[in-house]
Amino acid sequence: MLTSILKRTALTAVALAALSTAAFAQVNELKIMAPAAPGGGWDGTARSMQQALTTAGIVKSVQVNNVTGAGGTIGLAQLIGAKGDGHQLMVNGFVMVGAILLNKSPVNLTQITPIARLTAEAEVIVVPTESPLKTAKDLAERLKADPAKVTWAGGSAGGTDHILAALFAQAVGADAKKINYIPFSGGGEALAAMLGGRVTAGVSGYGEFEGQIKAGKLRVLAVSSSKRLENAPDAPTLKEQGIDLELLNWRSVVAPPGLSADQTKALIDTVEKMAKSKEWQEILKARGWDDAFLAGAAFETFLKAEIERVSKVMTEVGLVK
Amino acid sequence: MDTLLSLLHGFGVAFEPSKLLFCLIGVFLGTAVGVLPGIGPALTVALLLPVTFKLDPAGSLIMFAGIYYGGMYGGSTTAILLNAPGESASLATALEGSKMAKAGRGGPALATSAIGSFVAGLIATIGLAFLAPLLVELAVKFGPWDYFALMIVAFVTVSATFGDSPLRGLTSLFLGIALGLVGIDKLTGQARLTFGVPELLNGVEVTTLAVGLFAVGEAFYVASKRFRDPEEIIPIKGSLWMTKQDWKRSWAPWLRGTAFGFPIGALPAGGAEVPTFLSYSTERRLCKYPDEFGKGAIEGVAGPEAANNASAAGTLVPLLTLGLPTSATAAIMLAGFQQYGLNPGPLLFAEKPDLVWGLIASLFIANVMLVILNLPLIGLWVRLLAIPQPWLYAGILVFATMGTLAVNGSPAELTMLFLFGFLGYLMRRYDYPVAPMVVGLILGPMAEQQLRRALQISLGDPMILLENPISATLLGIAFLALIAPFLMQGLNKFKAAED
Amino acid sequence: MTNDTRTQGANKPALLVGVLLLIVAALVGYDASQQTITSTYGVGPTAMPYVVATGLVILGLAHFVVAFREGLPQPEHADNKALLWIVGGQIFLIACIALGGGFILAITVVFACTARGMGRQGLAIDAAIGFVLGLVIFLVFAKVLTLILPSGPLERLFL
């Protein structure tokens, strides 16, 4: 198996040298690892990539495998172990940045080859419609007065929702350490807590709350993206309300370490071709994912900045010591 | 009246030949995967999601609903025949069901579970059609303190599975709760009892513990006493079908099971396990033949199986009315809706009545299809038990391995399966009940999380548990259930003294 | 037969379970004491472990009491050879998956060893059945469900 990979890599390299004028380098087969159980978000991304890559005829054979556990860090360790394999990709995202810190994982995202960011979803901060809070400013005032009395409902501890709540507290000058954030399992339970009026505010991806927002049961105080959302043009951004904060829950693909420049280029080209394909665009639309394609060096810079920001806020909140 | 008209209209949609076909494919796939331990309906729907991408929304959603109901039917089959509960909701079914199967009563056990599922599914789907808006109002009122109180009620009823020694039952339960602590603490995100092993961060999987203790443990146990006291498995003894007596003993548990399953399933954090436990212990208390419990009482299969299915329909209440996914399958069905740009929730009934009512009507049809599909299969399933014992148990271990690897393909998970299997063997040898351990693993973390959420909201004031009417009532029930046996004993003694 | 495991009036298995429970309780308690992060509000992640540890200590002590009274039920004689076959199959399974030997080989051995442990004499036939079973399961998962079970050299031939 190893020799066949080496041979294939060598062949690819030779082919590349011969066809240096070609616009795209070719990868004939790919393995995409979803570092989570089948059915989750990363698995969905991996399988959608498989679908787009094969139906658009970019890669002939694509295999998806699942490696579960520890917020994806077990999968990450396995990817790092596959050093030099130019046919292996792994799906990951913003959540993994936090999971690595939280789990004190021995491996981290500086050890891999970044390929590209694919999608992003804005987060929203919402309150029940009957809440007296009308704007993000109102929430900020309440938070500054007594952070204990402002209960936040959202996803898992150290996840995107939690980090946004902490960053929000910091940005408005409240004590981030004192936020009363209650993690719920899955958006459903958090949503029920909101609708039942058990908590002050809720944080989640926009998609999860969309139905309730449109039905008028929840009010959006702010969205975390840089621009207003197409689906919800009435909801103001945090920046518009004078709060200097922007956060996207992004998903990306990465490759094992130790790749040659050619191998990296071949993978980036393949993913880029997929991201531009009609098939991928259709999937994005159907699943309600926003295109956030960012490849190569630009993605690498972005990734570094995110890691720095997340580790800083997690230490300040006391999630990591 | 409006509801009835809409429902009739829905049947108009669901009876289109193409929709019927999707429904049939769904129930067939659902039953097939439900039978495999470890592969539940959630995984199947997830894997089929990309395939159905090009189908029309109504058709594929109807298919998913068929898979969902089918999976619930299929889950009981392995629990009864192989003592390998494929998901936590069929744990209670395995307790009495597997005992019945070994005594040659597998036929009636499967029949009462199929018909019970049908009855429960039917009633619960009617409930879904007519009571959903009302029920959901109540459901969102449930706060963390109320859930905590509900878990306490469930905990109290566990004593029904203790067998004859409370000490050994409690030991099993506490070890289960200790296992539930392993992994990342959901509320602070830090690791507990993982000892630096990354594979333990996700905690102990319920199905791994259940299949290990039940199926693998039993294989060890049977092998160890093969020569001295060979276990006899009788494929069929007496009627393959339910006798008149069986019917008489089944109908009330079906209805009670439904009464537990549907409302608790409709609660956003209710789940399917709690109602099955409640049903099991209720039947045990009410049963006219208490001696049969633990040896294969049909009530112990009829009740939990009905509760299991009713809770599956209950889960659809918050999903359709609020867009709240409260189980893994529901979460994936939500993704299925979103794939077509549909957002379940209050607006869906108004915007896409055809689709919603077509879906609800299909649930009725799926239910009928399932009972028609499953009843003739019983004869075939029971024959599985006629396989020579060495092959039967070898096959059970193969299936247990397969289920574990499909969900989590790591050697660490297999090691856990093996260790739990051996533990199950030792526990059987010294007569420790295994069920309380699994119950502890399921309920322990749920109770802990809800209590901590409640106290986080109240800023540490425990009075919140008694100030809220629902939680106060439930805690009262738990207290009564705890002291009732002692009171009864006292009363009986008093009566005996009077005589 | 009923009294042969009793030494000086104590029931050994019950004593052993008692000691094991105390060890588990100590582990749970120690782990909780090592936690660095606590909740700002309500009760922290250590409360439940301490409750569980306390419960386990009580149960452990209760086992000591039982050891000097009725003891644990006397187990039947166990056929260790049969157990060894099955345990061996399981250990091979774990090693085979861990070392990349693949699903089919692992299943073949598990099936054959378990059947042998259960008293069948026909290792070759059983291995053949196990092989076919493993192959069929692997192919169904790979082709129908697009789930790839752990693969070794053998499995790669079919992918």
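Every chain is named by a letter (A, B and C) in the order it is written, and numbering of its residues begins at 1.
Following the convention adopted for this analysis, a residue touches a chain if its C-beta (ideal position, glycine included) is under 8 Å from a C-beta of that chain, and two chains touch if they have at least 3 such contacts.
What you are looking at is a predicted structure, and each value in this text was computed from that prediction instead of being measured.
Visitor: What chain lies farthest away from chain C once each centre is taken as the mean of the Cα atoms?
Guide: If we average the C-alpha coordinates per chain, A ends up farthest from chain C.
Visitor: Can you name the chain whose C-alpha mean lies closest to the mean of all the C-alpha atoms?
Guide: B
Visitor: Chain A to chain B: how many Å between their CA centres?
Guide: Computed value for the inter-centroid distance: 33 Å.
Visitor: For chain B and chain C, what's the span in angstrom between their mean Cα positions?
Guide: 23
Visitor: Roughly how many whole angstrom separate the Cα centroids of chain A and chain C?
Guide: Taking the mean C-alpha position of each chain, the two centres sit 37 Å apart.
Visitor: Mind pulling the chain B residues that touch 2 or more other chains?
Guide: Touching at least two other chains: 47, 185, 187-188, 190, 409-410, 453, 456-457, 459.
Visitor: Going through chain A residue by residue, note those that touch at least 2 other chains and give them in order.
Guide: 38, 47, 66, 148, 180, 319
Visitor: Touching at least two other chains at once: which residues of chain C meet that condition?
Guide: Only 36-37, 41, 146-147 qualify.
Visitor: Taking the touch rule as given, give the residues of chain A at its contact with chain B in the complex, in rising order.
Guide: Contact set of chain A toward chain B: 37-39, 43-44, 47-48, 50-51, 66-71, 73-74, 77, 102-105, 148, 151, 156-158, 180, 182-189, 191-193, 195-196, 198-199, 207, 210-212, 214-215, 217, 283, 286-288, 319.
Visitor: Residue numbers of chain C touching chain B in their complex, please.
Guide: 13, 17, 21, 24, 27-28, 31-32, 35-39, 41-45, 47-49, 52, 55-56, 59, 62-63, 66, 72-73, 75-80, 82-83, 85-87, 89-91, 93-95, 97-98, 103, 106-107, 110-112, 114-120, 126, 129-130, 133-134, 137, 141, 145-147, 149-150
Visitor: Quick check on the complex: what are the chain C residues that touch chain A?
Guide: Result: residues 36-37, 40-41, 146-148, 153, 156, 159 of chain C touch chain A.
Visitor: Tell me, which parts of chain B touch chain C in their complex?
Guide: Checking each residue of chain B against chain C gives 39, 44, 47, 167, 170-171, 174-175, 177-178, 181, 185, 187-188, 190, 192-193, 195, 216, 219-220, 222-229, 388-391, 393-395, 397-398, 401-402, 405-406, 409-411, 414-415, 418, 421-422, 425, 429-431, 444, 448, 451-460.
Visitor: With touch defined as at the start, can you tell me which chain B residues reach chain A in the complex?
Guide: Within the complex, chain B contacts chain A at residues 42-43, 45-47, 49-50, 53, 139-144, 184-191, 198-199, 201-202, 268-269, 318, 322-326, 328, 330-332, 335, 338-341, 343-348, 407-410, 449, 453, 456-457, 459.
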